[in-house]
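Okay, so chain A shows up in both of these, paired with chain B first and chain C after.
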Partner chain A sequence: MNKTRKGRRRSIGAVFVAPYAVFMLAFGVMPALYAIYLSVTDVDGGFTPTANFSKVIDDFRFFSAARHVAFFLGIWLAALLVLVVFLAIVVHAIRARWLSASARLFFYLPGALAGASSVMLWLFVLDPVASPAGPLLRAMGMDSFTNVIQPSHLPLIFAIIAFWTGAGGWIIVMYGALNNISTEIMEAARIDGANPVQVAIHIQLPLLRKWIAYMAVLSLAAGTQLFVEPSLLSQASNAVVPNDYSLNQLAYQYAFDLNDFNGSAAISVLLLIVALVLSAVFVTKGGLFETEDV
Partner chain B sequence: MNRIQPRRLVRQIGLLGVLSVTAVAVLSGCSSNGSDSSDGGRGFSEAKQDKNSTITVWVDATRVPAVKAFQKANPSIKVKTVTYDGSANGSNSFKTKMSLYDRAGKGWPDVVFSSQNNDASWATQGVAGKQPFAARLDKGLIPAGTLSGFAKGALNPCTVDGGVYCLRNDLAQTVLWYDNSLLKKFGYAVPKTWEEYQALGEKVAKEHPGYIVGSVGDTWTPEVFMWSSKCQANDVTDIRKVTVKTDSTECKRAASMLDTLVADKSLTKLSVFTPDFVKTYTGKVLLMPGPAWFAGAIFNNKESLNVPKGRLGVSAPLAWDGDSAVAGNVGGGTWFISSHSKNLANAAKFAEFVTTDDAYQVDLGPGYPAYAAAADKWVKKQESSGYYATDLSGLTAAAGLVWDGWGFPSFSQEAIWAKTITPLVSSGKSIEDNLGTWATAIKNQAKVNGYQVNE
Partner chain C sequence: MSTTLAARDARVDRARVTSRLTGWSGRSIIGLVLVVATLFFIIPLAWLLIATTKTEHELAVRTPFAIGSWDTFTTNVRQLFDFQSGAVVQWIRNSAYYSIAALVITLVISVPAGYALALTEFRFRRILMVTTLVVMLMPNTALVLPVFLEMNKVGLVGQPLSVILPFSFYPFGVYLTYIYFSTSIPRNLLAAARLDGCSEVQVFIRIALPLASPVVALVAFFSFVQNWNNYFLPFVMLPSSDSYPMQVGLSTLLSSTPAFNPSAAGSESMHLPTLALATIVSMLPVLILFLFSQRFLVAGMTAGGVKE
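Here is the complex of A and B:
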């Protein structure tokens, strides 16, 4: 390839990337930089590198909110990683075309409801009086909405809601990734006498590693920002689910209840650091940025 | 593998940077501040006044008739109505939006209705040297004669450090509502004290299970039972000082009564605004301690208990043995005038009209007016409707009995109760045993909101 053609190709690439880059800078990078600036300054703009951080960490709600988010993330990420991969492999293994297609549609449907509206749906599912699952809830000893949303149940409830709304999309993505595995490798494995379980463990899983890491990184970023679910449940339960349940809600409270944008920014920056560190782990362990020079 | 040359990469990033700065500038627009302001002698610095400018008023859906009544009475004054949620149910939207306008330096409405009564605690305090939102009203903006016409204690939620910063729309004093016909049928007398109330509750549980004497399922439970027992859980002693003392006899007696009656099931754990409550207890509410607005909200409401004409009675607040009777309070809206208003004269006229004029408060207002003269006429109008089984003197008596030892801090006592006590009650635990937990939660919340907790 000669030099000018190569150059032209690069500039066309830049044109394609530019709109994304502009919006990412305007609505991702710049707000993050502004948050970092706010987090190390006081109300009057004076430089206070640690004051905001120590203030929010000393807040009696901080560690309980962090614990809530951690529990939720633990349950949700584990469920995603295990169940999504399992279901995708099962769907992929289904030979009957119509069954496989309808299973994918079935998994994907809940994800078609936009975030807040799907949570609204769950408000009814969780109320034993209105819920189609009412008898089940009552059989588990929960006869009122307040009993269902006892504090100890919340991480599980939020994880179920998030899984229900988000997992379908990932199953489709994993299904696509499974389709990408070359049939030759699969054939070879089968000829060597591998059963479906062995194929899954020794061929499909290792080849899905990057996709799993990708799902983990994106889900982690979304999960640490838990906000819509507890906020709506808080409104619906007349504050029995506190409005400072998650870290993101606490940041919101700082900004709009305490009128303390600097404290709010400090929480956001802490969240950013945690999410970056954990993402780095997933990226390196999952080999997400490795390029195949085959 | 292709490698992008570092120099080219730098150039591309530079290009993107220029593009994005342009985009941000276009998207956000440029704000300017720098308005003419002067001290009008009313205790805050005033924006340049324009007598003909339109006033913007924020109201909840229920208060829209108030604006219409004002426009009918004052067709020459231009009013723009913005409907919002009234900051109800802890949405805090009034505070949230004003803090955003404070940051932008413009955009404030002229008059705001809030269904909450703790807004004065933040609206009178400027953040970072900015002018507080609420205009002071008792230094000439609203005539002293008007202010003194409000019921005793009605302006307490509006008063900060001796200054008055809002006008009260309606009172929400707690009384004892009862079903007169049911009481007669069962042969019970209306209790006069909380001890009698508790005894009656225990009796109902035995003799007529399924009937109730009240509810603890709502967030205002502490305001109905703890406030009216003089429990010192929320005593705001100074702008940013609060005393929280829940180990007193006053708190324990109320908590123990609630525990007993919840265990007996004569107090329901359901919120009165749930379909389940309406389904289970229509025709079975014998007694119900609660605010004045329960009359319209749950009793005389087709979609709620729908108590027929001639059955609902009201009695003045109950006393504890050997103590004087006081009332609690659950809400009661407030009207604020913006200190940034360009038309303070019309804004003040509006706020005065909607709180005091018969055309709204008596003819259209759903709640017990905070303005005494309007309240008298409102009560007469209600009595003449023939709906109630008794006169409404109980309501009038309660209006002047709201205990002033329970303050109006910037944080929500209802939210604290909901998240700490409600889950305990619904899982069958005792309130009395957890009064300490409650106090700790209040103190913690007070501290993060910048309050000093008096020891």
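Here is the complex of A and C:
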């Protein structure tokens, strides 16, 4: 390839990314920098590098909110990593196309209800009076809505809602990745005498690594944001679930109830740092940055 | 023609491999897992549909899967759409407007960007790539408040643009197209087109874009679903009920339901089955979209696998 040609390709690349880069600056970078700026300044714009952070961390609600979110994340991520991969491998092993396709459809359908809709649905499911799982809930000794949504149950409840909504999409993604594994490799493993479990552990799982890390990273990012679930549940439970249950709710309280944007930004920045550090681990382990040309 | 044959061969191969991987015990485990998982994912949805045909009393006293009556269903429909003289219709219209407008902008900016990141060199490519990933991993809600202040500064709060523009910035879409272009487009094909005299723009529009239609559809779908289901951003940006999208409207309906909010008992109070109906209505467009584009979507999601 000659030099002019290469030069033209260079400039066309810049033209193609320019609009996206503008949006990136306007709605990604600038707001983030602004949050950092707000978190290290006071109301009058004076530089106070630690004041906002120590204020929110000393807030008695901060630690409990952080613990709530951590419990929720622990359960949810474990469920995703184990069950999504397991279900994807199971669905992939189905021979009948119609059965495999319907299974994927059924698993994915709840994804249509992400956000407020799925929380609304689960409000019904968690109310033993009307719930389709009413007998089950009563068998476990919970006969009222208030009983079901005791504080100690909430991380599990939020994890179930999030799993119910999001797992299907990931199962489809994993299924696609499993289809990417060449039949030759599977065949070779088979000839070497590997059983399905060994194939899953030694062939499928390592080749899914990148996608599993990807799922973990995105889910972690989404999970730390926990907001709509506790916020609607708080509204529906007459504040049995507090309106500062999660960190984001607390950040919202700071901004809109206390009119303290700086404190709110401090929480946001903390959330950001935690998510980024944890994500970096997954990114390096999962090879998310690998591309064929690098 | 030859591609179809090759694809069929690959399918037959795979069927043969998998059939030998699963004996009778394997098959019964698979069966059990599938039944349990399907029940978990489907029962709540099925129940919700049935709930819309019952009265509040029936919901409490009859067995969960007893079906009510058509009359009750229409009564519930009427109650929902009469709520605050047709607020629900307005909310749906708003949701559609915000989601579709943002989706169009997302595609226009993301697909070329993904292409450029994957297949061209330009200054700051690496930093843009890393920033895309970083922003993609960042909790959106961490940006909601700063974006709110930004919008406030330029006087857009309360305007449709205050949600449409932030919705349109969709790094995940860029990342998805980037992955697709960097793994699934044969470079020789692009090089051949260049040798045949295509300009860089023509290479993108005539070769790469048609090949990328599965991933474009995928990005469109994800972006629409995410926009439609977004709650927090419109909740903060749009203070007046007239401009609510359906998701935020749902919380208004929830607080008008005495079963969950005892202080709501009044003339415009919601019955539980009507609230169930509202939930169905709020998810219906996404559900329909998914059912109709399912084959296409799965083809797109698994596109990397059909390389022959």
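Here is the rule we go by: the second predicted complex is superposed on the first by the 270 of 294 C-alpha atoms of A that agree within 3 Å, B and C clash if a C-alpha of one lies under 4 Å from a C-alpha of the other, contacts with A are read in each partner's own complex, and residues count from 1 in each chain.
Just so we're on the same page, contacts are C-beta pairs under 8 Å (C-beta built on N, C-alpha and C of every residue); 3 or more make two chains touch, one makes a residue touch a chain.
Nothing here was measured: the structure is a model prediction, and the numbers come from that model.
A.B. asks: Considering only the touch criterion stated at the top, classify A:57 as touching first (chain B), second (chain C), both, or neither.
C.D. replies: neither
A.B. asks: With both structures placed on chain A, which of the two partners, chain B or chain C, ends up touching more residues of chain A?
C.D. replies: When the residues of chain A touched by each partner are counted, C comes out ahead.
A.B. asks: If you stack the two complexes on chain A, which partner ends up touching A:115: first (chain B), second (chain C), both, or neither?
C.D. replies: After superposing on A, A:115 lies in contact with chain C but is clear of chain B.
A.B. asks: Using the superposition on chain A described above, determine whether A:44 touches chain B (first), chain C (second), both, or neither.
C.D. replies: After superposition on chain A, A:44 lies in contact with chain B alone.
A.B. asks: Once chain A of both complexes is superposed, is A:238 in touch with chain B (first), chain C (second), both, or neither?
C.D. replies: both
A.B. asks: Given the touch rule stated above, what does A:21 touch, chain B (first), chain C (second), both, or neither?
C.D. replies: Both chain B and chain C are touched by A:21.
A.B. asks: Which of the two partners, first being chain B and second being chain C, lies in contact with A:150: first, second, both, or neither?
C.D. replies: In the superposition, A:150 contacts chain B only.
A.B. asks: In the overlaid three-chain picture, which partner chain does A:79 touch, first (chain B) or second (chain C), both, or neither?
C.D. replies: neither
A.B. asks: Which partner does A:70 reach: the first (chain B), the second (chain C), both, or neither?
C.D. replies: Touch status of A:70: no partner.
A.B. asks: Please work out whether A:30 is in contact with chain B alone, chain C alone, both, or neither, and reply first, second, both or neither.
C.D. replies: A:30 sits against chain B and chain C alike.
A.B. asks: Pick out the shared contact residues on chain A: the ones touching chain B in one complex and chain C in the other.
C.D. replies: Residues common to the chain A contacts of chain C and of chain B are 10, 14, 21, 23, 26, 30, 129-130, 235, 237-238, 255-256, 261, 291, 293, listed in rising order.
A.B. asks: Inside the complex, what are the residues of chain A that reach chain B?
C.D. replies: Touch list, chain A to chain B: 10, 14, 18, 21-23, 25-26, 30, 43-44, 59-61, 129-130, 144-147, 150-151, 234-235, 237-243, 255-259, 261, 291, 293.
A.B. asks: Would you pull the chain C residues touching chain A in the complex into a rising list?
C.D. replies: Residues in contact with chain A: 10, 13-15, 17-22, 26, 30, 33-34, 37-38, 40-45, 47-48, 51, 59-60, 64-65, 108-110, 112-113, 115-118, 120-123, 125, 128, 131-143, 145-147, 149-150, 165-166, 168-169, 171-172, 174, 182-183, 194, 200-201, 204, 225-226, 229-232, 236, 247-248, 250-251, 254-255, 259-262, 272, 275-276, 278-279, 282-283, 286-287, 290, 294, 297-298, 301-306.
A.B. asks: Which part of chain A faces chain C closely enough to touch in the complex?
C.D. replies: Contact set of chain A toward chain C: 5-6, 8-14, 16-17, 19-21, 23-24, 26-32, 34-35, 38, 86-87, 90-95, 99, 101, 103-117, 120-125, 127, 129-134, 164, 167-168, 172-173, 175-177, 179-180, 183, 186-187, 190, 195-196, 199, 217-218, 220-222, 224-225, 227-228, 232, 235-238, 248, 251, 255-256, 261, 264-265, 268-269, 271-272, 275-276, 279, 283, 288-289, 291-293.
A.B. asks: If you look only at chain B, which of its residues touch chain A in the complex?
C.D. replies: 1, 4, 8, 12, 15-17, 19-20, 23-24, 27, 89-92, 95-96, 99, 102-103, 122, 127-129, 217-219, 269-271, 274-276, 411-412, 414-415, 418-419, 422-423, 426-427, 444, 447-450
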